[in-house]
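Okay, so chain A shows up in both of these, paired with chain B first and chain C after.
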Partner chain A sequence: MRVGIPKGLLYCKYHPFFRTFFQNLGAEVIESEETNQEIMNLGVKVCVDEACLPVKVYHGHVATLKDQCDLLVIPRIMGIYTQEYICPKFCGLPEMVAHSIPGLPEITKVPLYMHNQKEMHKWCLATGLKITPSKEKIRNAFQHAIRAQCNLETGILEPGKKMTVMLAGHPYLINDTFLNMGIVKKLRAKDIGLVTEEFASSKACGLQLKKLIKKPFWTFHRRLYGAAAAFYEQQKVNGIIYLSSFACGLDSVIIDLIRCHVGEFPMLVLKLDEHTGEAGIDTRLEAFVDMLERREQNENYNTTFGECLYRSQNPL
Partner chain B sequence: MYTLGVDVGSVSTNMVLVDYSGRVVEKHYIRTKGRPMEAVQAGFAMLREKYHDRQIMAVGATGSGRAIAAIQIGADIVKNEITAHAVASISTMPDVKTILEIGGQDSKIIIIRNGVVTDFAMNTVCAAGTGSFLDRQAERLDIPIEEFGEFALKATVPVRIAGRCAVFAESDMIHKQQLGYNTCDIIGGLCDALVRNYLSNVAKGKEILPAVIFQGGVAANRGIHRAFETALQMPITIPQHHEVMGAIGAAILAREKIQQEDRTTKFKGFSVSTSAFQSKSFICNGCTNQCEVVSVMENQKAVGFFGDRCEKWRNKVSARALN
Partner chain C sequence: MKITIPHLGNVYIAVKILFDSLGLDYVIPPLNNREALLWGSKYSPEEICLPFKLMIGNYLAGIHEGADTVLLVGSCGPCRFGEYCELQMKILQQLGHKIDFIVLDPVKSIGLCELLHRMHRVGAYSKKTRMRKLQSLFMAYKAMTLLDDIEKEAHWRAGFEKKPGECKRLLNQCRNAVYSCNDPEKALALLQEYLETIQKIPVSPERNPIKISIIGEIYTVIEPFTNLYIEDVLMDMGISTSRHLTPSWWVKDMLLKTMRLNSRELLKASDEYLPLYIGGHARECIGEAVLAAEEGMDGAIQIFPMGCMPEIVSKAILPSISRQKNLPILTLVVDEMTGEAGYMTRIEAFTDLLERRRGHVYIGS
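Moving on to the complex of A and B:
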């Protein structure tokens, strides 16, 4: 049996789990290629117009895989943290994909709760029985999968020589070098250090979240806001770069909330959509880095008289 | 000795010559018309008649076409528009705190405190609050864009037009036209719509403090100027060379760079105006990214590549340039 796993959306966070589970069941696992122009074009063509870019791209991944496998893993991920939600598009993903792409092989439809091993086992059982009748084998494969998943380390932490920025945004944008136009490489080339939300401790995040009138119930909302606020308060970063896909409903809330918290602290929001021209993103990044450098220098040139010496040293 | 600043924008290509005191001695505003290299050549042809290559001590390039222009002319510094605009504004008005800039396809707000950029924002994927939006509507109304502002000033009751989206605005405007509103009121309404969209989109959450400078090509439009003053309730200064501020910034930055590094300019000379430039695009099949690569040829020799994500092609040229 050939099992297809599309490399889109939360694949970046949970790929060891799925891959190990199916491999241990003795299935041949076929993964789609890294996102590329062809996959994006396909996705944009087949997907409903209102969806955000990562969902469209996910459709593209499915479309390239559908003729190569007997079972397609389109997980209906309901939540990844206790008593919290993720974007509703994940709950309806199997239907959404099946609606737009005709001629699919069998797809997985059972709900999957990534924060609860019992629930995850239920999913594995329901899905595994399509491959093998042995419940023992499924249990075994499940345990391997959990172990593999626990070994996965996500996030980016690269200390910079002079400055560090927080790279915020949904993981499927941060980890997809095609969608984000290689932003990590671009920032590296400018000698800017990077840190993502994964490296904010849950204690530090929790401290910031307590200040809100209400705890956010979206997991990414809680994590991204908490981490951004924590990094800001602890002065761990010189700025925040937020990657957002055009028309993301969740981002529209998170971005404004972070902005309210950090005030005049440098924050750059990059909207990603289908365009492949990099001039827009390059200009913004370059200007943002220029700004960070100048702000930094300016602070260093402040005299005790409160007068800024920066201008006289350098007329700019 | 002069420094040359070149700003290759989506709608116009601007060139300035700045003398040592920072005074603009020559400025040219050329329509880009989608052919940036030809626009630069046209500008050089004009400059060539009055100036010698030897008179140029430094060259800076900026604007959305800065990369291609830098290769074409041999720029000493290539800077983004935000930094260039900020530098030019601060040099003309040292106490500036807010810069409103509306160009052809970009609009931006730059916040300056103590002579340093502390925050900026640019329009996102939408072009509703930019010059090309006005350009398009002027064309539709059959009014030269230069007179657009005058019409707006004559408006007595500006019509309310949806400004969030250029496409919606256009259909809204057509609707109002069909209902018989007069052209001046419609144009007045368009200016208000653009300003409203700019303030709620680009300038959202930014603290706009005086002194405010308004620059970019659209600053020539007195209707927009007035709409901004009404909306913000403060006087807004339009610098004398508002349409070429980016180029002025590039020139200042170039001079500094040359002085800092104490070297001579890489300027290729005004003779570039007679070189045969060609650009050719092809799909690179090196990997599945299938980048659309553009190669720039000067007299049949490849001088630059763009659009390759992996920088494979770009590096070929820079390696050759080093040898």
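Moving on to the complex of A and C:
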């Protein structure tokens, strides 16, 4: 049996798990290509217009895979931690795909709760039974998959010579070099150090989250806001670059909460959609880096000609 | 303490009855208008959904009239609505307003104790007896139910009425009369009276008007300003509309959810297309579309604010329902930039289509 795994959305975080699990079940695993123009165009064509870029691209991955496999793995990830969600679109992903793309093979529709191994095993059992009748084999494959997943390390940590910025954003934007137009390479070329949310200690994050009035219920919210606020408080970074896709519901809240917290601290928000031009990204990155450099050199030496119109304290 | 609330359809009338009965000091901000939208979009995050922006506009208007506390209901995910209070508090703080938020979250997430505690924060200011406070809550709920019933009757009877415009006139008259009445008991009696009057509007049962079901995101379907008064427009066209999501439905849904007894019929209808709860009211939207087809409605109109995550999922599913159940569905996405002309053109074209589907116009004629 051939099992197709689309390389979109949270694939970048959990690919060892899915790949190892299905390989150990004796299935042939077929993955889609890295995101490219063709996949994006296909996704934009079939997906509902209002969806965000990563979801559209995911549709593209599914569309390229659909004729090559007998079972498509479209994980309906309901949550990664208890009492937390990811995004409503993840919960309805199999339906979105199934009703947008005609001629699909069988797809996985069972909800996947990643809270603990027991819940994950439930998903594996329900999905694995489509491939093999042996529950023993599924259990073995599951153990292997968990082990492979635990070995995976994600996130980017590159100390820079001059300064470090936090690269914030959803993992599927940070890890997809086509969608973010190689932003990591671009910053590396400018000698800027990078750190992503994975490298903020959960203790420091927790401290920041306690200041919020309401406990965040999105995993991305908790991680991104916590990490950005922690890095800012610890003065570990010189600025924040936030990669976000247009019309992302979560980001509309997270970005503004971070902004409220950090105030005048340098923060660049890059909005990505299927029309984004690379020149615009380059210009904004350059301007941001220039600004950071000048800020380092001339701090406290800025002329404050006239009063700042809106903000009384820091003219920067 | 001076309490204010954000607007949602006719909720302000029920809330007024509640506060009047409790003897609290309150401000009802002016009904949603361009100004609320203007100030709201100015101070809100760019990409947040429309209800957020209008609510900010409501608060600012309330604060202008001296309010210092906001009473708001909440949720705990996965839709953005749950994060409203956090962000709204911060925005108002940054604007230099000292304002207190009382957020009534669902029992499931904060526990009954905390919910009662938060309700007590409002109730503590009332000098009435505990019995009277409970009574006030029931009165407000009853008023909401009556208002929803009146609206439902008016929207449905608009297609059958003998004298065009009668339903709409009565509905507006009812809202004004009840709102200007400061005695809660009298207001309830008035509502009862209006319900009876509206049920007696002369109709011609032989008429067979176009019937449209209004589905979609709860705020934009209930709040007439956001959907450019679509129900009034359809009433003027002599079209009967039905809508399942109402404020009183929401209250009932919230209460029954703890026992998983909420809207069985809708959820059962949605099982085939969306078997899981994904936040917001996406499942309800799907269920309503299926029910609309089964109840013999001519079409359905889905309305949601730009960027609404759960409704995007349901929008992806609706074309399948439309094909399989033979039900035309029009989707309207609204935000602060919605232009009236384009919007009305689409509604007119859609109603034309529904009329022609009935065979009034023959192919080639």
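Here is the rule we use: the second predicted complex is superposed on the first by the 298 of 316 C-alpha atoms of A that agree within 3 Å, B and C clash if a C-alpha of one lies under 4 Å from a C-alpha of the other, contacts with A are read in each partner's own complex, and residues count from 1 in each chain.
Assume a contact is a pair of C-beta atoms (placed from the backbone, for glycine too) under 8 Å apart; a residue touches a chain by one contact, two chains touch by 3 or more.
Because the structure is predicted, anything quoted here is derived from the model rather than measured.
Engineer: Based on the superposed arrangement, let me know which partner A:139 touches: chain B (first), chain C (second), both, or neither?
Structural biologist: Neither partner.
Engineer: For A:33, decide between first (touching chain B), second (touching chain C), both and neither.
Structural biologist: first
Engineer: Look at A:130 in the shared chain and tell me whether it touches chain B only, chain C only, both, or neither; answer first, second, both or neither.
Structural biologist: neither
Engineer: Going by the contact rule set out at the top, does A:295 touch chain B (first), chain C (second), both, or neither?
Structural biologist: Only chain B; A:295 stays clear of chain C.
Engineer: Give one of first, second, both or neither to describe whether A:212 is in contact with chain B, with chain C, with both, or with none.
Structural biologist: second
Engineer: Does the superposition put A:15 against chain B (first), chain C (second), both, or neither?
Structural biologist: Touch status of A:15: no partner.
Engineer: I'd like to check the shared interface: which positions of chain A are touched by both chain B and chain C across the two complexes?
Structural biologist: On chain A, the residues that contact chain B in one structure and chain C in the other are 246, 256.
Engineer: Write out the stretch or stretches of chain A touching chain C in their complex.
Structural biologist: Against chain C, the touching part of chain A is residues 47-48, 50-51, 76, 78, 84-89, 91-92, 95-96, 99-100, 111, 212-214, 216-218, 221, 246-253, 255-257, 260.
Engineer: Where on chain B does chain A make contact in their complex?
Structural biologist: Within the complex, chain B touches chain A at residues 64, 67, 79-83, 87, 90-91, 94, 114-120, 122, 124-125, 205, 207, 252-253, 256, 287-292, 307, 309.
Engineer: Under the definition above, what is the set of chain A residues touching chain B in their complex?
Structural biologist: Going through chain A, the ones touching chain B are 33-34, 36-38, 178, 181-182, 246, 256, 259, 264, 266, 269, 271, 273, 275-276, 278-279, 282-284, 286-288, 290-291, 294-295, 297-298, 308, 310-311, 314-316.
Engineer: Could you please specify the touching residues of chain C with respect to chain A in the complex?
Structural biologist: Within the complex, chain C touches chain A at residues 45-49, 74, 76-80, 82-83, 85-87, 89-91, 94, 103, 273-274, 276-280, 282, 306-310, 312-317, 319-320, 333.
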